[in-house]
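In the two complexes below, chain A is the common chain; its partner is chain B in one and chain C in the other.
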Partner chain A sequence: MPTIRTTRAHTCVATVTALLSLLSPYDSKALAATAPNSYALVQRAIDGYVLPHIEELKSQTERLALSVDRLCQNGAEASREEVASEFRKTVEAYAGIEFFRFGPLVEKGRREKLSFWPDPRGIVPRQLRLFMANQNLSQMNADAISKQSAALQGLPALEYLLTDNTAPLGPDAKSTDRCVLANAISQNIANNARDLEHGWTKDGGWKDKMLRPGSDNDTYKDPNESASEFVKALLVGFQLLADIQVKPRFDATRKQQGHITLVGPYEKSGLVKAYYAASVASLQKFYDTLAMENFLPEEQDWVKNWAGGAWRTMRASDGVGGRRPEAGRDDTPSLRELFDKITGLRKLVSREMAASAGLTVGFNELDGD
Partner chain B sequence: MDHPWLMRWLAQRLVLLQNSSQKLHDHSENGDEIMTASAFGSRIRGAIFIVAIASFAPLASAEPAVKDIIKTYGDLAAAKYGDALAKARDLDKAIDSFIAAPSADTLKAARAAWKASRDPYMQTEGFRFGNKIVDDWEGNVNAWPLDEGLIDYVDTASYGEKKDENPLYAANIIANPSLQLGANKLDAKTIDKDVIASLNSALDVEANVGTGYHAIEFLLWGQDLNGTNAGAGNRPATDYDVKACTGGNCERRRAYLKSASQLLIDDLTTMVETWKVGGPARKAITDQNDNQQLQVILTGLGSLSYGELAGERMKLGVLLHDPEEEHDCFSDNTHNSHYYDQVGMISIWNGNYEGATPVKGASVAELARAKNPEAAKRVDDAMATALAKLKAIKDKADSGDMAYDQMLAAGNDAGNKMILDAVDALVAQARAIEGVVAALKLQIKIEGSDSLDNPSAVGAAE
Partner chain C sequence: MELDRRNLLLGTVAAIGANAYPASLMANSAMLPAFASAARRNSNSYSIVLLSASGQLLREIPLSARGHDIAVHRATHRAVAFARRPGTFAVAFEIDRPTPPHIFTALANRHFFGHGAFSHDGRLLYVTENDIPAARGVIGIYDVARNYTKIGEYPSYGLGPHEIIVLQDGRTLAIANGGLDTMPEAGRENLNRDAMDASLTFVDAQSGALVARHTLTSDLKQLSLRHIAADHQGRVWFGGQWEGDPGAAPGLIGYAGRDTRPEIINAPIDDSDYLKGYIGSVAISTDGRIFAASAPKAGRIVYLDTQTKRIISESILKDACGLAGETPSTFAASSGFGDLRHETSASHVISQTQISDIAFDNHLRRMS
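Let's look at the complex of A and B:
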C-alpha cells in the first residue's frame, strides 16, 4: 500500500476542487486557456485516433485469419507461433478501440461479437462445448457462425480453440471440425472488423453523423453532444481498466480463501499484461488526442499535474501487481494505488476537463450491474 | 394489466386525436409520411402510444421548486414500495395456502400472486441507480441472473454439474445440511432466513443468489427446460407435498420457500421505512444541493434505461440467443418486467402514480419543460417510443404467439428485431435524458475511487 499522508498540496487540491465545484461549466469556460471547440475535438478524435486504430484492427484481423488457415493446413510449429503472435497483436489492437461503446461498435452487437469479455459466468466455454457437441461443424463458415451467439464468434472463442490442447489445430483428422470452426470464427472476426470500419467511413456513416450534428440528426443534436460522446468513451476506457482489469486482482488472500476473482483478459493465452499495457497506451494516446487539458484555466494546473502523476503510475504498473521494466518510477505501485489513480483521473476528466470544455457527460452501458 | 393512469392518459389523448382533423406526422425512419388522426388511430397500438404520450406533455409550464420535485419523488417511492410490499404480503398468503395444501390449483394461485407482485416492484427500479441506499439493498430482492443449482435440484443434462467460475454452481442447499463456503462451513441443518441470506454473493460470485423474487420464482416454477421453444418452468406441486414428495427434501424446500417469502416482506418493509417522510433515503437526497438532488432522479432514469435494461437485461440475451439470459427466465414473465420498468420510469419523470396511494405533484419533467421545452420534448418522445416498443413485446407475449425467450432465439429474425428495437429506443431515451442533464447544467456523478473526494486516503501521484 502507498504511504498514506496528508500534504498541503492535498489540502489545496481539495479546496480548489470545492471552490470549482461551485462554478458552472459556463463560468469555467470563461477562464479557459484555450477556447473549447467541440467540432475540432470531434474531428481530432476521428481522424487522429478512431480511424487509424480501426484500420489497424481490420488489417490485423485479416492477418490473423490467414495465419489460422495456414496452421490448419500444415500444423507446423512455426505456424503455431505465428498464430500466437497474430492473436496477441489482434488482442492489443482491439484494446485500442474497445472503449468506443457507441455507433458502429455497438451496432448489431459487434463489440460482443468481436470480444465477449468479461465473461464472469463462463458463457463462452459453456456455449462452445455444447455447440461443438451438438452441431455439424463440417459446413460451418463465417456467415453461419455470424448468426450464432456472440459468445461463439469472437476472439475468446478462438482463444479457446487455440489453447485447448485436447486437439491442437492442424491437418490431423481429429482436428478437422475444430479447424473448420476456427477458420469460420477468425474470418468472421475479420468481417466484423471490416464492417466496423465501413460503419464509420461510409457516406452517411458515423463519422458524418458526428461531424454533422443538428436537429435533423437522429443522434447528435449539437456539436457538444458529439464531443461528449468521445469524452464518455475515454471515461468508459478508464472504467474498464480500473473495474474490470485491476480491481478483481486486489486481494489475493480472498482468492486463497476460495473466493472467485474475474479471469483476466485473454488469460488462457498469457496476455493479461499485454492487454493492460495496450489499454494504457491506447487510453493515453486518445487522452492526448482529445487534448482536453488545453481547456483548463491556469488556476487548474494542479489537474494537469495530478493527471501526469496518474499516467506515470499507470505506465509503471504491469496491471497485475508488478512493475514494468520501462517504468518511470523506482517503486512498484500497488494495485490499490493504481485503481485509485485511474478512477481519480476519470473523475478529473469528468468533473474538471469536461466542465472546462463546456461538455456534459452522461450515461454509458457500464452503468448497470 | 395496464397501469390505470397510463391508460387514462392514452384514452384522453385518443379522444382528442379522433375529434380532431389535425394532421399528424409519423416519425418513421424515412420521416416523410403524413396521415390524418383517424387514419393514424387505425395503426398499430404501439404507434398510438408514441403520439399520445408525447402530445400529452404541455409545451411549457411554470417552473416547480426543486424541493417540491423531491417531495413528489419521495412520495412516489414510498407509494410504490408500499404497493410492492402489499403484493408481497399477498404472495406470502398464497404461499401459505400452497404449502398447507400443495396442489396444481394452489401452486397456480401462488404463481399468479408472484406475477402480480412483480408489477409494482418493477416500477420502483427507476429509484435504484440514483440512490445508493437503494442500490446497496436491491441485491436482496432482485439479484439476477442466478445459478439456481445452488438452491435446489436441476436438470444436470442441460445445466451441467460444475462451472469453473462458481464452486457453488450445483451445491443444492435444499438437499445438503451444510455447505462449504471457502474456508467456512455454513450450517444449514435448519433452513431459515439467515441461512438463505448468507448465500447471496457467496464466494464473491454474483450468480450465487439465495433470496428475492427470482429465488422464489425458481422455487415456484423450477427450471424452464424448453430452451427457446414455448413453455415456462413446470415444477410439480408435489415437490412441496411431504406425503407424496417429488424431487426429494420436500420439508426443506417448503422451509426455503416460506423463508424467502418472509425475507422479501422484511426487505420491502425496510425500503418502505427508508422512504417514509423523514426517512434516511429522503434525507440522503435533501442533504445535497439542488442540482445534486435533480441528478439523483435523472441518474436513476438514465442508468436503468441504458446500462441495465437495454444492456444487461435485453441486448445481452438476444446477442447470446440464450434463454438463461432472460430476466424472469423460470416463469416467462420477462415481457411484463421490462414493460413495467418503463412504466415506472415514465411515472418518475412525470411525478404521477396511481397506486393504492396515488401521487401527483411537481416533477423533473415540468422543470425541464419550463427551462428547455425542446430537451423535455425529446425525453417525452423517447419515453413514448420506448414504451411502444416494450408494449409490442408485451402484447406479443400476452397473445401467446411468442414468449420472450422465443423472441431471442437464434434464427428468429422477427423476435430478435422486436427486442433490439426496444434496446435502441431505450438507448435513445438515455441520450434524451442526457440532453436534459445538459440543459439543466447538471453532472452525472461518477462513482468509484474516493481518491479525489478524500485525497488523504491515498498517496500523492508524484
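Let's look at the complex of A and C:
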C-alpha cells in the first residue's frame, strides 16, 4: 500500500524539496549503496566505450567507401565479397552507437543520415528509385548527396544499391550512374562518421561538455547529469532492441490484420541476426562499462542474478526466434521471453541500479510524450 | 472492483492485484476525486489513479500498458483515459462511481496519440488518431451514449495530431499536429524527423471543415507542437518538443489564434537548454489568464501571463510534468517521483504530497 507524506511550506520551494528528498525512497537506496563517482562513470563511459566505438565506426566506414570504389572499378567477385563484409562490419559498428540519442549523433540529423531505419513506409527505396530516375547522377558526389533527404544518404540507401541484382555494381556502362551514386553515398557515410567523432573529441566537444559540468555548461550542470545521460542511453538501447527489433517479430496479430509490417534492420543484406547480435554485444559491453551493478547494496543481489539471466537469454537468442550456437543456454528462448527479459532488465537498470547509484532518471524525463 | 468479460477478452485492463483496491481506500470511495492521472507503479504495472485534492489515492483503474492523458466531462462525470502513442486502447470510466470501466479500441489501421476531448454537451468524444497506411492525422468521433462507438472521423489537417481541445464556442476544435510520423510497428521511433510538418489547426466540429491551419516558420520546422490550452481570449497556447539540434532549441512556448499567426515566446534567459527542448504538458488557470508549461527534462514549471505574454515565474520540481489549473492563481503539478504539489502562479508552494510507489505520467486532470 502506498504511503503518503505531506509537508506544508507556504514560502519556500527549496525547503519543501529538501524535506522531501530526505524522505524519498530513492535516496534511502542511495544511502545504502556505495556512493557513486559520477565523474569516474562518465570518464569510463567515454574512454572505455563511446570513443573506441565511434573510432571503430569511423574506420569501418572509410574501409567500406574504399571497398565500394574498388568494386566499381573492377567488378570482381572478390571485391563484391569484400564490400559485403565491410558493409556487415559497418552495420555492426553502427549498432554499437545507435542508442546514444544525444549529442553529436542527433546533431544535424546524423542518426537518420547514417541509418534511416526503421523505415516501415519504404521511403528509402521509393526515394532512391525516384532520385535515380530523375537526377543526372554523373556529377553526384558526397557533398551533393549530403544535401538530399536523409533517406538517400546512409547505409540503407547503399544497401539498396549493393543488393539490387538487376544492375550489380561494377565497371559496366549500365552501372556507371549507380556506381557514382554508391561512391557518393559511401563517402558521405564516412564523412558523417568523421563528423560524429569530431563532435565528441574536438575542443569544447561533447566529451569536454560531459566531463566539465557546471553552471557555465549549457547542458550539464553537475556530474550526475552527465552520468544520467549515459544511463538514459543504456535504457534507450534496451527499448530499441525490445520494441523495434524483437517485438515486431512476435506480435503477429497486426500482421494477420493486414497492417504494415516492419522489415528488420538490413534484412535485404541478410544482416538481421548480425544486427541483433551486435546490438546485444554492444549493450552488454556498455552495461559492463558503466558497472552499475556495483552500486547495488548486498540485499539486492537478486537484481544481479536476474540481470545475469536476462543477458544469457539475450545472448542465447538469434533475435528472430532461433538459437545462437554460442549460447549459454541449452534451450531456445521464445521471442516473447526475450522481449520480457529485455524490458525487465531495462526496468531493473532504471529503478534499482540507477536509483542505488543516485542517478534516478525521471519517468517523464526519460520517455515523456 | 469488478472486471467484466469484455475487459478480460480485450486484455486492456490488467489483472488487478490486491493492492489495487485496498479496503482502506474503498472506505474513501465516497469522496469525489479531485484529480486523475495515468501512473506507473514500482511493481511495473500501469494504471489511472484518482486522487483527492490532498493527494490521497481514492481509486485506481489498472491498465495493461502505459496511459497518457484523460479527457474529462465534469457535468456527466465521465472520463476517458487513452493509451499513449502509438497505443490503441482507451478506457472510459465514471468519475464519481467505481463502476467497471468500459474499454474501446482504435479501429484497424488506426492508433491513438494519447489525447481526446469531449464535446461541450458530452455526447461526443473527439480523439486524435493516426491513419497509419496513409500517414495522415485524423480525429475519430465517438458516440458516448453508444458505448463509445466510432461514428466517423475528420482529417486533422496535419501529421501526428497530439492534443485536441474544444474551444469555448463549443464548435471549434483546436488540434496540435506534432508533425511526426509514428506507427505501432516502429515503437516510439519518429519516422520523419528530417521532414517534419507540425501545425496548429482549427476545425469546425460539426462539419469537419478546416477553419485555419498555422505552420511554423522554416527555422522552427523541427518544433513538434504537442500540447495546447486556450486562454480567456480564445487564443490557443502551445508547448512543443524540439527535434532538431539540442544546442539550437528555440522557444518552445507560443500561441496563435484562428486569424493570427503563431508567435513564439522566448525564454527569460538566452539559454537553449532552459527547458531542455521538451514541454511535457500545459494548463491554463481557471480564468484563462495564466498559462503554465512543464519541462520535465529541466525539472521546471514556467508560468506566463497571457496578456503581457511574459513568463512571470518558474518553479523547480524534478521530473515535473502533469499540470492542472485550480483557481485563477493556483495550479496543481505532478511528477514522475510521485509528487503532487499545489502552488501559485508566482511559484509559491502551498502544499506538497509525495506518494511512494507511484510515478505520475505526463498529464494531470482536474476532475471537479
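By our rule, the second predicted complex is superposed on the first by the 318 of 369 C-alpha atoms of A that agree within 3 Å, B and C clash if a C-alpha of one lies under 4 Å from a C-alpha of the other, contacts with A are read in each partner's own complex, and residues count from 1 in each chain.
Please note the rule applied: a residue touches a chain if its C-beta (ideal position, glycine included) is under 8 Å from a C-beta of that chain, and two chains touch if they have at least 3 such contacts.
Bear in mind that the values here come from a model prediction, so they are computed numbers and not experimental data.
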So, does A:Arg212 touch the first partner chain B, the second partner chain C, both, or neither?
-> neither
For A:Arg351, decide between first (touching chain B), second (touching chain C), both and neither.
-> both
Which holds for A:Lys341: it touches chain B only (first), chain C only (second), both, or neither?
-> first
Report for A:Thr261: first if it touches chain B alone, second if chain C alone, otherwise both or neither.
-> both
In the overlay, answer first, second, both or neither for which of chain B and chain C A:Phe363 touches.
-> both
When the two structures are overlaid on chain A, which partner does A:Arg324 contact: first (chain B), second (chain C), both, or neither?
-> neither
First (chain B), second (chain C), both or neither: which does A:Gly103 touch?
-> second
In the three-chain superposition, say which chain, chain B or chain C, touches more residues of chain A.
-> B
First (chain B), second (chain C), both or neither touched by A:Pro118 | second
In the superposed arrangement, does A:Ile244 touch chain B (first), chain C (second), both or neither?
-> second
Touching both chain B and chain C, residues of chain A | 2-7, 9-10, 13, 17, 24-26, 109, 112, 120-121, 123, 149-151, 218-219, 239, 243, 254, 257-261, 347, 351, 360, 362-365, 367-369
Within the complex, which stretch of chain C touches chain A?
-> 19, 22, 24, 40, 42, 44, 54-57, 68, 84-85, 108-109, 114, 132-133, 135, 162, 181, 183-189, 191, 193-195, 226, 245-247, 271-273, 278, 280, 296-297, 299, 315-321, 335-337, 339, 341, 343, 347-362
Per the touch rule, the chain A residues reaching chain B in their complex are 2-7, 9-10, 13-14, 17, 24-26, 109, 112-113, 120-123, 125-127, 147-151, 218-219, 221, 224-225, 228, 235, 239, 242-243, 254, 257-261, 263, 305-306, 308-310, 312-313, 336-337, 339-344, 346-348, 350-351, 355, 360-369
If you look only at chain B, which of its residues touch chain A in the complex?
-> 129, 145, 147, 160, 163-167, 180-183, 203-207, 299, 302-313, 315-316, 318-322, 378, 410-411, 428, 430-431, 433-435, 437-438, 441-444, 446, 448-452, 455-462
Quick one: in the complex, what on chain A touches chain C?
-> 1-13, 16-17, 20, 23-26, 102-103, 106-109, 112, 118-121, 123, 149-151, 218-219, 239-240, 243-244, 247-248, 254, 257-262, 347, 351, 360, 362-365, 367-369
